[in-house]
């Protein structure tokens, strides 16, 4: 427990992760581009630093929880991570970006460590973490991930945790759309969606999006699917359903769960 | 337990259902257009009759387990069901067909009682039955359904069990395609599909088709989706993902689970 | 010019066809389930008969212009067509239906003779007719078709004119949706759709649906695409774009040409 | 005719454009990252320069004909375009990229001037040029564009030529897929695709991709559609057909025009 953990990004995922780390006894230091996050961070028992360089200097493990590919790339040089430290990218970004950052890093172990199951699981410390990197690094990182994850899966080499997350997202959003189509059709034919939903959870239609019906924000669906499509284009696989789902997500987000509006 | 149960159709679903009924002590009589099924039926402890009229004469509850809309429609007049008897359509057909048969029946209670969860659940007697019809008929039918179903859900009026089944199928096949897309993409990026599949079952991507990966025949996918699309067209709802899924199922069926071939 | 022509169905296509036939000097007899069509028919110089049997008795060539598969099938026996006469199905229906009617007809030549290019071309007598049947029958029929068609294409055996029409419709509706997507996207980026449309007609995007922009009713799009999908299912080809287009047509029809509403 | 024209990129489009410019009497200077293009350029009557800076120094109008967004962005600073000169981007790239380059340029007029109709039209000097920019610049540029374009359309402000090109591409590839689906379906039903194709060109299915059937390379389809989807995502419009078409293009490219393989 001698690692000092830095968390960059105190947003919807970063903040509860900070809380779990501090509660589990890790010395935890956090930074966020938005200075207003300071009190949130401190309330959760972590130390606030105003700049990435101080964070990089003090921490042996740094968790990157910012939103986008570009932000991840831009913060790396400003971090000045210490030799021997681990920088784990929790953000959902293109696997090639993590691989490039890992290749370019000297003396620092860059890995990807994506989180699944959403905001509630983050609050409860029951996230699923995929982690991609060499065994020794993953082993050293695992106790840190366990502070906020009830499951940790070593998915393979650097980048593989992003691939696993991309597959997860692709399927998740596909299910949410399918659930909308199935329930909307049934509603037009007079069935009560809530009763049907309960029954379908007992059946071959069951899926996590159906179980969590009504709670998904779809805040990141477009970004998730943009990464999926870029990956598909790059490796030359055709994913017709995923491509359609991206567009359907875009249209669905503002009217999700409104079954009467679906398909009009 | 004084009901005598007739089962029409001793195929993949009908035969195990016959076995469960007989085992639970119901007097069970079965018929099938294919005379070669006689010994299968008798081995399961049921009585074989060569014609529908004898079955109709002797039974108070008749379960229709044939394959297609047209077969269901054609067998009804030949059944000559007794006044007061229940005829339950287990076949996956258009809800309007069941509703029409129910309207046209005089003195006979026609309901739909669709089964979910597939062949293995039929073998184990753990099917989920949706049943659509008036309370009194459903109540009388329920002990019969319980012989082969671990769950019985009263979905609403006549036809509603078909609607529920259609929604179930729509979602099921959507999930199976999404699983193919997610796993195929991950495989191209070097992940082991079997390990990923295990991990995704812990995550927000989890769905029953993923859990049963490798076992679905897709034998009925085209027929299922044809009904879904007819229903969508008739009520004027647009179901873009379902429509695409129908075509993808058609192409996928002969190469399902062959991830290297997906999307080429 | 000794043929007497019967036209069954005096609707959007039938009525102008009746007019062209009469104007070209054919003795023309028409019937329609809707008796109110009598004066329309007579104004165009044709004779009205109230029942199909009288029409069948008097005519050597009968053009069937009703709307649906079922209507075509139901009118055939009531027609009592004379031995040696030609019955040409102009309606857009499943090719197998025409083939079955042709097989079952004794002494009567049943062919399909579908019409393309829409209502305006019908008014102007500039339709394109596809005709499927034996050479001798097509030869005898051609002068009749020329009365209202500026182009007559012998597409092959009986049923082939329906296949050609199905292919035509599939492409037509695909183009109309693509035009909506292209113009709607450009509009969001500030371009004037009408100027762009004019320019695109000079380019590799040009298509007939773009040229006729603003005039298509889409009245038959759903029925057209339902036939296409049945055909695809029956011959085991996957047509992903066509399947999606069917759903998009369903949603698009009431808001066609409203570019600001597309994709919201 | 006192302008000196620079062309950057002597590829499939650039090379014939260079030829037309020289033939029409423009003093033409060309550069390409690939030095082996020197003799091709000189054979067409233009002067070869080995570096962009010499080209930028000597030319008053510069046409950029390289392949990708990134290449366009990277060559701009190396060009050192003279004050008062016009730099026209012919490459198909994101409209926002051109707009940004135009904003950042000081003393240089950056516009977009996309070309449609493909390689053959480039060879014949019958391209369609869309041009986006201020009236005065477009006016000055038009005689240059006319050297290789039989039609020049002023589409609007800077960026609008890219938008018009994107709409064109979206529709073009949609048509090519629809043509495949229509012809493949008809072929399965026994029709001769070549005869049908000829007939459909007379009908409401007609489109340029059908007329040019067998000649499209689809070399740029993926890149075209990637831009379309980025644009759609950025302006929040859902384009379900276009998204699906992108995936279908990816799968179709290596087997285009092979109708027996479509939809298997």
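Points to keep in mind about this one:
When the chains are written out, they are named A, B, C and D in that same order, and each has its own residue count from 1.
Rule of thumb we're sticking to: a contact is a pair of C-beta atoms (placed from the backbone, for glycine too) under 8 Å apart; a residue touches a chain by one contact, two chains touch by 3 or more.
The structure presented is a predicted model; accordingly, all values stated were derived computationally and were not measured.
Taken together, chain A and chain D share the touching chains B, C. The interface in B-C, A-C or C-D that matches A-D, meaning over half of the contact pairs are the same by residue number, belongs to B-C. Separating the CA-averaged centres of chain B and chain D is a span of 53 Å. Look at where the CA atoms of chain A average out and do the same for chain B: the two points lie 38 Å apart.
Residues of chain D found to touch two or more other chains are 232, 237-240, 242, 244, 247-248, 250-251, 263-264.
If you check the complex, the residues on chain C that touch chain A are 240, 244, 247, 251, 263-264. The part of chain C that touches chain B in the complex is made up of residues 222, 226, 229, 232-233, 236-240, 242-244, 246-248, 250-251. Every residue of chain C that touches chain D in the complex is listed here, in rising order: 95, 116-118, 128, 130, 151, 153, 155-157, 159-160, 163-164, 166-172, 174-175, 177-179, 181-186, 188-192, 195-196, 199-200, 202-210, 212, 228, 231-232, 235, 237-242, 244-245, 248, 262-264.
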